[in-house]
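Next, two complexes with chain A in common: one pairs it with chain B, the other with chain C.
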Partner chain A sequence: MTAETASTSRVLPPVDRAPLRRRKWRRAGVQAACVAITLFMALPLVFIALAAFSGRAALNEFPKSLVPSEFAVDTMTSFLAGTGTVPALGNSLLVGCYTVVLSLLFGAPAGYALARHTFRGKDAYQLFVLLVRALPIVVLSVPLATMFLNFGIYDKVVSVTLVHTALAMPTTVLITASIFVSVPTDVEEAARVFGCTKLDAVRRTVLPLALPGLAAASIFTFVLSWNEVLGAAVLTLGHRTLPAQVLASLAESPQAYRFAGGFALVVPALVFIAVMRRYLLNMWGSTLR
Partner chain B sequence: MAEQTATRVSRQSRRRITSSPWLLLAPSIVLLALLFGWPLVQGVLSAFSGDSGLTLGHWQRLFADPYFLQALRNTLLLIVVVVPIQLVLALVMALLMQARPRFSGTHFYLWTIPLAVSELAAGLVWLSVFADRGYLNSFLVNLGLSESGVQWLNYDNTLTMFITVVVAELWRATSLVFVIVVAGVQMIPKDYDEAAQVFGASMWQRLWHVTLPLLRPSLQVALILRTILALQAFAVAQALTGRNFPLLVGETYEWYVNLQNPAVASAAALVVLALSLGTSLAYLRAMRQPDATG
Partner chain C sequence: MAEIVLRDLVKTYPGAAGPATDGVSLDVADGEFMVLLGPSGCGKTTLLRTVAGLELPDSGQIVIGDRDVTYLDPRRRNLSMVFQSYAVFPHKKVADNIGFGLRVHGMAADEIRRKVSWAAELLQLTDYLDRYPAKLSGGQRQRVAVARAIVMNPDVLLMDEPLSNLDALLRLSFRAELKKLVNELGTTTLYVTHDQLEALSLGDRVAVLRSGRIAQCGPPTEVYDQPADEFVGGFLGSPPMNFLRGVLVEDGDTLRLDVGSQSIGAPRELRPYLGQHIHLGIRPESMVAAEPGETKGTGVLRGTVQVVEPLGSSVLLTMDTAGQQLKVQAPAGFRVDPGSELALDLPVDTRRWYDPESQLLLEVR
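And then the complex of A and B:
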């Protein structure tokens, strides 16, 4: 009986496993490629962290082992204790926060206008904003430094803030426009019907709904300001931001200082991207066009 | 009577102004005009004017500087090498993401971290790899591939310096292209690809005839943006090599901060501006051409 069923099943054509096998190989290939790219992206970050936390002796030994012979915080602490590091950190934070506030104050109304109104000159305005984006900051920073000198606001937090606000303006306008587009007009109209003034309606209905998006846009602006090197380096002398401080002391600093500085600049990036992951594609991806 | 209509008209026009979008746009326009327009004009003026009226002296000084031509060459070479590799790499990364690998969330996070890493930090990160006693040399020596490592950042070894800057730029800025391309890929309806699959198109055929044409707008944006940004690269090279591998923007910084000559610095900056305007116009023209003929 069993032998009989076995013989009939043997008559069936053999199953072609080739496509399945090919599929398996392809999946493995995809997986391997992903891991390779991830290693390329992540390993340097591991290295800078290791370098920033190895002691003097471990930094100088050669060839290095992957895990440093001694972990020490003295590289980081001597960087933080270095002249100007802590004030520069403070300046960076201040400039970042001021830039966020200013760029929202100036940019969000424009974004709202783009989202809610159709008017003559809209395309022209958008083109103007895009053109501004394409201007290299280096062209502006030198004449701006002279201008600020004349106005007496050279080497101040304000001057760097102004430049960063201008830099962030195009992206702020475009991002806030896309945020306001996604807030339905009905709630605003309903608020008007119930007797709110135009400003009140926006304040009470549109702003709360747009808040998560605006927060994301703020983080984006903050990162931009945190990372900007050239403008800050040209516009300041004594009151540097952190990147400008590190850049200015590159030439005469030991390698330990540079690694520690590099690590200090990288850490916020890890946090920013972790927080922003959900918004990344909307922010950097689609609003860029 | 006439007075009444006049007030009505003025009230109407006032209402039109207050409800006009231009009131909302005005702050941003004023700010941009003050902080972009005015310095731009000033920069052009200062690059062309000396103590006694118009002069080309600053430009002569700039071009007489041996660093400048080197910087120009390096910058252009960097763009020609980095941008195409980045576009291809980012496309590969986006397609890999599309294949939904395991741990795609982690991969995505790690691939996008460089987006928030500043240029200077990226240079310092790679300095830890490429330094004479850095991790790459340690690795080579440990494997027995090299006696005492390669001096990647040695000042008379332009090729290895170029390689280090290219690798650092690839690491730093491919994420930006990647994000743009992923956003573009997500907007393509799946139907096209499935239809092509039904008609028996191979993977390459689908990529070449379906995905790439639909991705064209995203690729264009990425190409223009990356070229403009690559023209402005400088802190990476500064962190890795100091002034041994000069780039255009780095020269501006050098002329302004260390040589204290704003006029020549403006001239160098205008070269960057001219190049970025020129390349974007060239791209736009080249991309419009096929549409016009086809």
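And then the complex of A and C:
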């Protein structure tokens, strides 16, 4: 066959643009859904923020305006000046960070073992690890409170940290396991051939490569700890975490206080996510998306 | 620089039906390029990993130089490895990848820099030293892996299918480059591949593995020309060796192999097999195809052309001879239509004889 005969001059049917139109519609639909979900998530946050930074009078206005009519900090200041608020904020941050550290310290090695080794009872172990989450926190908290009283660590940051670590452990183990699975084995083996001990190889190759995943796991853990209220409420009295403090004073507080409390609860979690996001999406010149 | 001695290596993975390597013994001389060749699952990678220390053998011994390393940690064996997937460290720049082993061994920074630039020069990576592997092509990444391996000045270089992830053209050029590089360095090399062309072109010697055992070990030409058994003949070559089944009969004071109604001369050393079935092995490119009637003699078989495949550098014919299929490689200009009859000349010195039971090569001469 020669070049001249490669195409003929036959009459072709017109180009059918219907699939193209359908694709456009589908994409518009997806966009609309994204916007709807974003609004669903964001609007309450916006209203809380608005309420937290409005004066008393603006709080009772209806309909609400989406832009603040006046910027007033007195709601926030009165909330922050309330007894126990600032210490509770500090407690919550401490508990959250300790929980992240502890759960990674114990959970990540377990996840690594699940990812890299086959051992007897592996499936049973994975199931067993999840069992903690099967018990309601309230059921766990009461006997734990008694135990902590006996040990003399009741109403302390460390006791809440321990409970939150226990709660976060199953997800930490399973999330880190799936992260370590995605780190290729031969990178680790290469490190061993080129002079590393097994532990060294993990430290020098696997951990840096797992960092984005570990960041994601720590976000999850931090937010879990930050939002956890029932266990913290049972296990503390004088040294409450912020959610427990807000919960305790919710009933006898004015509406403005609630909004300020809500805002104070949301912001640190958002900041933590924003910081960790950097590690999630962009590492070593390769963008994970 | 050191030789490698493997003795009776047996390794069975937990839960596996049979051993991955089944009593492998192999001597690799100092500075030799030894290729382990075999189909997937033949145990060649396991063997390499056992030498590397990434797997421990169930029994047997590994000696590198004069040192027993059978159960030694990988890092103490003074060897380097190039992985099939490159296994470069994505979180380190090219320079740090190449210098990784040196740094782990605590070498001084300026010494590392000097050696890294030497290795980078050899593998044409000098312009890429400041890049992350994610910004490199597959071929460049494999260069980094090779540079990382040779910069260690190892006793032994292990390569696990280093070219198999590269595209065909790149594979061809890198193959020659690798051969030149390893030749110049003179490092003892153990090279695993399933690609017979790679094995034949690179190896000083080729060890063909089959289900955990070495089927044949020898120089590439010998392994190709004198396959020790039908497996090796059928694995090496593209298309592989043909095997014709026939009965050995006496014809006066000579022997001949009856294939259907046709026959072909056989050497007298095969006399013990008189009256029995025997296999004749012949390479597709050894046979000469011609119009019937042009050639006659004891070395000619006739067959019908079934398929004609022009391959550019040659024409591949699929022939039917007395109900048995033969692949014949004819010169590029050869023209024939399917269905026509051809005469095939089988030169005496290209015929190989195999025991149909053991499938082993029968010595004739």
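The criterion applied here is as follows: the second predicted complex is superposed on the first by the 213 of 289 C-alpha atoms of A that agree within 3 Å, B and C clash if a C-alpha of one lies under 4 Å from a C-alpha of the other, contacts with A are read in each partner's own complex, and residues count from 1 in each chain.
In the analysis below, a contact is a pair of C-beta atoms (placed from the backbone, for glycine too) under 8 Å apart; a residue touches a chain by one contact, two chains touch by 3 or more.
Note that the coordinates shown come from a computational prediction; the quantities given were computed from them, not determined experimentally.
In the superposition on chain A, A:Val157 makes contact with neither chain B nor chain C.
By the document's definition of touching, of the two partners only chain C reaches A:Leu209; chain B does not.
Applying the stated contact rule after C-alpha superposition, one finds that A:Val181 touches neither chain B nor chain C.
Put chain B and chain C next to each other and count what each touches on chain A; the higher total goes to B. Shared-chain residue A:Ala190: touches chain C; no touch with chain B. In the superposition on chain A, A:Asp200 makes contact with chain C only, while chain B stays out of contact range.
In the superposition on chain A, contact of A:Arg277 is made with chain B only, not with chain C.
Where the contact sets of chain A with chain B and with chain C meet, they give residues 284-286. Considering their complex, residues 118, 184, 186-187, 189-197, 200, 204-205, 208-209, 283-286 of chain A touch chain C. Touching chain B in their complex are the following residues of chain A: 27, 30-31, 33-34, 37-38, 40-42, 44-45, 47-48, 50-51, 59-66, 105-107, 109-110, 112-114, 116-117, 119, 121-122, 125, 128-129, 132, 134-147, 162-163, 165-166, 169, 173, 198, 223, 226-230, 233-234, 243, 246-247, 250-251, 255, 258-259, 261-262, 265-266, 268-270, 272-274, 276-277, 280-282, 284-286, 288-289. If you check the complex, the residues on chain C that touch chain A are 14, 52-54, 73-75, 79-81, 83-85, 87-91, 100-101, 104-105, 132, 134-135, 148, 152. Chain B contributes residues 19-22, 24-25, 27-29, 31-32, 35-36, 38-40, 42-43, 46, 92-93, 96, 99, 101-104, 106-121, 123-129, 131, 133-135, 137-139, 141-142, 149, 171, 175-176, 179-180, 182-184, 186-187, 217-218, 221, 225, 228, 231-232, 234-235, 238-239, 242, 249, 252-253, 256-257, 262, 265-266, 269-270, 272-273, 276-277, 280 to its touches with chain A in the complex.
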